[in-house]
Amino acid sequence: MSDWEPKIVTFLCNWCSYGGADLAGVSRLQYPPNIRVIRVPCTGRMSPKFILAAFRHGADGVWVSGCHPGDCHYIAGNYYARRKFALLNNMIEYIGIEPGRLHFSWVSSAEATKFQEVVTKVTESVKALGPAQHYIKTEAKVA
Amino acid sequence: MENPYLPYPVVIDKIITETEDRSLKSFRFVFKNPGDEEKFAYNPGQFAELSVAGKGEIPIGIASSPTEKGFVLFTVNKVGAVTSFLHNMKEGDVMGIRGPMGNWYPWDELEGKNVVIIGGGFAFTTLRSSIIYMLHPDNRPKFKDIKVIYGARTPGMLLYKDEIEAWAQRDDIDVYLTVDATNDPSWKHRVGFVPAVTEEVAPNPDNTYALVCGPPVMIRFTQPVLERLGFAPGQIIMSLEMRMKCGIGMCGRCNIGTEYVCKDGPVFTLAQLNNMPKEY
Amino acid sequence: MIDYVEKIREAARRLLSEGKVDVFIGFRKGTVPMMSEPALISDVSQVDDLWWDSNCGINLANYITKRTDRVGIVAKGCDSRNIVTHIVENQIKKEQLHIVGVPCRGMIDRRRIGSSVEGEILEVTEDASLVTVKSSNGQKAYDRNEFLQDNCSICIHRNPVIYDELVADPVPEQENVDRYEDIRKIEAMDPASKHEFFTKLIEPCIRCYACRNACPQCYCPTCFVDESTPQWVGKSLDPTDTMTFHFLRAYHLAGRCTDCGACERACPVSIKVRTFTKKLEKDALELFGWETGMSIDNRPPLDVYRPDDPNDFIK
Amino acid sequence: MSEKIIAKEQFLQALKQLSNQQAVYAPVNEGEFYNYKKLEDGVEPDFTFQNTRLSPKGLIQPQSERMFEYSLDPGDSEANVVKEIKRDYGPQAIVGIRPCDAKAIQLVKINFDTPEFRDPFWLKRYEASTLVGLACNDPCASCFCSTTGSGPFNEEGLDALMTDLGDSFLIKSLTEKGEAFLKTVGAGAKDAQAEDKRKKEELKGKAEEAIRSEVPTAKLREQDLNALFDAPFWEDVAFSCINCGTCTYLCPTCWCFDIQDEVNNLKGLRIRNWDACMFPLFTLHGSGHNPRDHKVQRVRQRFMHKLKYYVDKYNNGVACVGCGRCVQYCPVNIDIRKVFRYMNDYEAR
């Protein structure tokens, strides 16, 4: 298992965190290559279905990142998202997905360094947990 | 035990985009295994389940005629998960077809009769099958006058345009084409709705059967026209659509009263439908 | 509770005959012990069909979604909170409704009685404090409080929060109730035990969707389980799919569930499906100070935000 | 065919032994209710049940069942070709099945075994099954089997029928399969004596008398289908319905199913799952049109199917065996016995 590398499905908002990733890229900042980025218009667009779908498809971790509170391109999308995430985060842990598999962050398009730091932290945290065990849809277990 | 749920593997031999909005494509399939084509012996009016591995199955009327050998043809409207996937498939891809299913137009009964074919939009598929079948030299003598009334929203939405134009040139079939509206100056045929054209063409009901296939709104307005012209409910033959899964009368969803559209239908006379609950 | 029957009939008779409502929604006496059937009447002559007892646990708010006529409706505490939620979510207008409030002493749990009583239950009668069960093995009376539905025994809003009239004086509300003892126990488990707990919890599920459909808040025209492009959840009895269904059903009720217990009551295989929704109810209360359906002037918690909402779980 | 008496202890022992050789399903107490379970270590059959919560139909038509498999790997020469799954439909004994549920399997067989098509999945499981019934000495208050063409001691559709005589079971074999079962579990059992048979008759009489719930069926066939379809009582019957699948999934005679494809990586399955006429999706066309869009249409379909369409189509009685499951577990107390009366007694104006 030593060469195992986690796969982390990452949802980045178009206006901030995706820009942060872009800046990290053009600034040649090194970060772990474990994230698979999906761009969303706003964290407010995030449905819990997206996050569950990622886990169902075998993601070892999921990370959602958007604009800092107050900086939403759509004024308040991330404020609404934050409430949804708070409940979802607890619920995910409640059903037995380990804390440390689901992450949220606010990263602005200027925060390339923060982007680098968060990717590193998220990857380390997921890596420490090992491959996801539960809640993965495999071949249907039916007659 | 033969497994009636197991599709025959087929290869997509040809894909033809039929309409200007690209929502309808015709797929010509050839059977992968020799012998399957014979097992898939069908009559015009029947349908089959197109089976896309990983996506599911959809019931589609067979657009080719049994007189056309070496392939089967289906014209598919892009609406749901399976059809959208199918529209993106390519020539040479492998999929499956399962059937033939259901009953067919009553060809024995139609012998020696005049046949009026009334179609609208993309419901022309099994009617194409029927026309090709009747026009085949072996079959043409069995039928008397054949009239075809076919309408679509615009000229670009007509299916099988080249074939239809060719039929229009023949003298053993009368073709009346119409569109709801057009500003295309090259359009040489009628403009108007199918019911109105039917009224104008006024097929004589004596010794005549009408095969009617089209969207519900067309059927709703064509039916009274035919009745006014003197067609009895037993002379009006229609093909119904339903959500289906098994196609063999077992999964339970496509019934109208006691009849399963997949197995006892899809072809019913208006006389039969008049005795069935109005739930379709 | 049985003493409410005449009051409910009187209200229905008055409302229908005065033309104040077009229809009246209440319960009919059931055809088997400990069951009642939701019923709609539109004529005074049907008023005597109406019934009320401790087996009216199905939530009647489920039957008013998107109605366009004027409706009289019987409502217990929880029903009334779901009616509030319906009004807030624009499923019905307050002006259309005439709410006949029922101060509720709790519904009895037919499952618990079923598994506590030897033999087959033939008849169950009740008065203010006792439930008398006649079974194939004889007759016995029980304290009704011992047989309340789980959600009723921890209910803190027994009286309707919105009504046009009450059939009786309000009942005293239960106090010092620990609503979330069971949830805290699960929260304290380690992830593996949680997974095992929930796997076992939903193991009997047959995906009949009775829990979803009994819920007044489940009114989406197309439920996520029926969506095909994309398909969020498989339709077979695969355990991960079943879990996905229960998770998303519950999550969709975040900040909307009143813990009326209709889901659990409806489940034909006795799954304690409230175990999912109660967690969200608890969190909505703890994180946002939210109790569902208490006033038509409050926006639901996921429809609003505060700048100082919990943020410490976000990096 | 023979009748034997076997002590309960001995019978349970013999079942256990049989379960080492083949699949044996029997009612098992699951806490609040009983269900059929495969007997294995730690799973004890319990024949003191009234009936199981779920009918045994799932042992012949599993709620979810793999039909076919395929590869989607472009490198695979057989990619996208749907193939049969090789599986062993080894013999299975279903022991303790109630006569109503056994009759239900015969009703369902009409759907899956037709002159034109035979459903291999259903039939292979059916043919591999030995159905060993357990007569109902104490029918439930909501049972109405005797007026739907069955009865607490009905032998139809069974390979053998057991009767609980207290300390022992009287087992009567009814078919070759039943005889083989009896030989296997009844090694050392005595032939039933006249006294045992008398006792059984007595229990039978008592049980039949105990069924007080009844439904009228005599006029269903002569009723006009379209008149029933348009009858005014459907709105009232359907009002309380929440459109869940409880009645259909618990019902032993509901057979409808859905077919779904599922893909994992590059391998796929075609699966069939129980489906229910109560769900709007059941009949939703691709175009968005739905012939049974309203719940009253769906509720009507369920009852019309059971009590009129089936009756007319097959002339084989009603598609209800009177097990009473839907009566007891419908969350909103829609009672099919009432609908029987509405439909049978309906007089169109």
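Going by the order they are written in, the chains are A, B, C and D; count residues from 1 in each one.
Rule of thumb we're sticking to: a contact is a pair of C-beta atoms (placed from the backbone, for glycine too) under 8 Å apart; a residue touches a chain by one contact, two chains touch by 3 or more.
Because the structure is a prediction, the values reported are computed rather than measured.
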| item | value |
| --- | --- |
| Contact-linked chain groups that survive once subunit B is dropped from view | one piece |
| Comparison of A-D and B-C (more C-beta pairs in contact) | A-D |
| Whole-Å gap separating subunit B and subunit C, where each centre is the average of the chain's CA atoms | 50 |
| Cα-centroid distance, subunit A relative to subunit D, in whole angstrom | 47 |
| Centroid spacing, where centroids are CA-atom means, of subunit A and subunit C in whole angstrom | 35 |
| Intercentroid distance (Cα basis), subunit D paired with subunit B, Å | 39 |
| Sequence positions of subunit A contacting 2 or more other chains | 137-138, 140, 142 |
| Two or more partner chains touched - positions in subunit C | 234, 236-238 |
| Residues of subunit B engaged with two or more neighbouring chains | 80 |
| Contacting chain pairs - touch in the sense defined above | A-C, A-D, B-C, B-D, C-D |
| Subunit A to subunit C touching residues, read off their complex | 48-49, 52-53, 56, 69-70, 76, 79-80, 82-91, 93-99, 103-106, 118, 121-122, 134-138, 140-142 |
| Residues on subunit B engaged by subunit D in the complex (per definition of touch) | 1-7, 9, 32, 51-58, 77, 79-80, 83, 93-96, 216, 241-243, 245-246, 248-258, 263, 275-277, 279-280 |
| Subunit A residues within the subunit D interface of the complex | 137-140, 142-143 |
| Interface residues, subunit D side, partner subunit A - complex | 62-66, 262, 264, 267, 269, 271 |
| In the complex, subunit C residues that touch subunit B | 228-229, 231 |
